[in-house]
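Here it is, the structure, as C-alpha cells.
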Amino acid sequence: MKLTVLYFASLRELLGQARETLELPDAVDSIGALRATLSARGEAWGRLAPGHNVRAAVNQVMASDAARIGDGDEIAFFPPVTGG
Amino acid sequence: MKLTVLYFASLRELLGQARETLELPDAVDSIGALRATLSARGEAWGRLAPGHNVRAAVNQVMASDAARIGDGDEIAFFPPVTGG
Amino acid sequence: MQTVKVQSEDFDAGALTRALSAGRTDIGAVATFVGLVRGAADGVQEMTLEHYPGMTEKALAEIADEACQRWHLMAVSVVHRVGALLPGEQIVYVGVAAAHRGEAFAACEFVMDYLKTRAPFWKKEQTAQGGHWVDARDTDDEAAARWDEVEMRR
Amino acid sequence: MQTVKVQSEDFDAGALTRALSAGRTDIGAVATFVGLVRGAADGVQEMTLEHYPGMTEKALAEIADEACQRWHLMAVSVVHRVGALLPGEQIVYVGVAAAHRGEAFAACEFVMDYLKTRAPFWKKEQTAQGGHWVDARDTDDEAAARWDEVEMRR
C-alpha cells in the first residue's frame, strides 16, 4: 500500500519534512494504525502518538483515528488550525 | 407658555402640517396633558390620544407621557420609527 | 473614534471601512453592515426616507456611545441616508473596529438593532398601488430588547 | 452565489462587498467581516500564514455551503490570504448577503467561527524574540460549538 503523507506548520518544522511517500503493509489500514507506525520511529515522531493534539486528514477531509486509509490516499497531519 | 410642536411621517400627512407654534396655559405641563389638549381638537387629532402608538420627544429626546414640558420646549410627535 | 452622518448622497462602504483601521495596528476585527432598498419582489418602485433633523444625529451618536460602553471598541462609524432611494440603493452603513471579532460582530449588530427602534427615521414605499408608510416590525423591538439581557461577549 | 478564494495578494473589501449585491434588488442586508494582523501591542513584526493547498479551498466551500443550508442567503464570499503579512494588513474577508439583517449577521459570524476551527491555516508570528506558531484558542472552539445548538434567527 502506497501513501502520500503531508506535515504542516509546527509539525512540519519539528519533523523536518513537508511530505513523504510511504510503502506500508496493508495492515496499517487506519489513521490510528498509521500514527502508531510513524511514532515508532522515535524522537520527534512521538508527537504523532495519542495525546499530542495533532489532527489528521484523509484525502483533504478531517479524519479521526478510526478513519480507514488505503492505497493511493493522501494523509495529512497538522496542529489545530489558527487561521482567520 | 410657548411651545414648538413638530409632526413627522404618516402623522404629519394625517394632520396636514409639519410644525406649529402654540401658546398654552402653564397647566399643560406634561406630554400627557399636551396630548389631551391636541386630541380635543377632534377628527384626525384624536390620533394623539392614548392607544394609537404615537411616540413623543421633548427637545429631541424620546419622552413618555409623564415627561414635563415647559416654555420654549421643542416637542415632536411621530409613529414608531422604521429606519435602517 | 466615532463618526455619525445623515446625508442624502450615497456612501462608499469600502472607504468607510478602510477609514476605521487606517494607520493602526491594534485592530484585529472590523465588522460592517450595509442595508439596501429591496424592490422587485415587494413591488417597491421607490423609497423615501424622512427623518427628524437634529434628533437623528443625537440618537445615532447615543447609540454609538452605548456600544462603546458595552464593548471595548476602537472605532464606530454610522452613515444613514435620507430622501428618495431606488431599489438596490444603499440606505445605511454601520462599521465597527475592535481587537477581536466577538466584540466587533456584537457591537455592529447592536447598533443596527438599536438604530431600527430608536433613531427617528421613517420609510415610505412607492408601489404601483401608491405610497404607504412602512409599519414598524415587532421583530425589530424584540431584536433590540434582547440586548437588555445579553451578556457581553469577547 | 458562493465565492471562495485563497490568495497571497491583498483584497479590496469594498469591491467584494459591492459584488455581493450588484445588479440585484432582492438583497436587503449585507454583513461583512475583515480580519487584520495586529502588531504593535503584541510585539508582532510579521505574520506568516501557511495553508494546506486543495484542502483549504474545499473546507471554505463546505463552510459556505453549510451557511447556505442554515440560512436563506443570496450570496457568500470568503477570501483568505496566505504568505507573509505585516501588522495592519488584511488577512480574511467574509461577506454575506441576505434579505434581512438577522440572517446576514448570523451567517457571517458563523462562517468566521467555523473557519477559525475547521479551515487548515496556521499562523506563525515573528517578534523580536524570534518566530513562534500561534496556539489555537479554546475560545474559538467554544465560538464554533455554540452554532451546534443555536436556533436559526430571522
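Letters A, B, C and D mark the chains in the order given here, with residues in each chain numbered from 1 onward.
Note that a residue touches a chain if its C-beta (ideal position, glycine included) is under 8 Å from a C-beta of that chain, and two chains touch if they have at least 3 such contacts.
This structure is a prediction, so every number in the text was calculated from the model and none was measured.
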item: Starting at chain A, fewest touch steps before arriving at chain C; value: 2
item: Far-end chain from chain D, centres as C-alpha averages; value: B
item: Centroid spacing, where centroids are CA-atom means, of chain A and chain D in whole angstrom; value: 27
item: Distance between chain centroids, defined by C-alpha means - chain B, chain D (Å); value: 48
item: Centroid distance [mean C-alpha coordinates] between chain B and chain A, Å; value: 73
item: Of all residues in chain B, the ones touching two or more other chains; value: 84
item: Overlap residues in chain D, where contacts from two or more other chains coincide; value: 35, 101, 112
item: Inter-chain touch pairs (all); value: A-D, B-C, C-D
item: Chain A-facing residues of chain D, complex; value: 35, 49-52, 54-55, 58, 80, 91-92, 112, 115-124, 133-137
item: Chain C residues within the chain D interface of the complex; value: 12-15, 17-18, 21, 23-41, 87-88, 99, 101-102, 104-105, 108-109, 112, 139, 143, 154
item: Residues of chain A that touch chain D when the two form their complex; value: 6, 8-10, 12, 57, 60-62, 76, 78-84
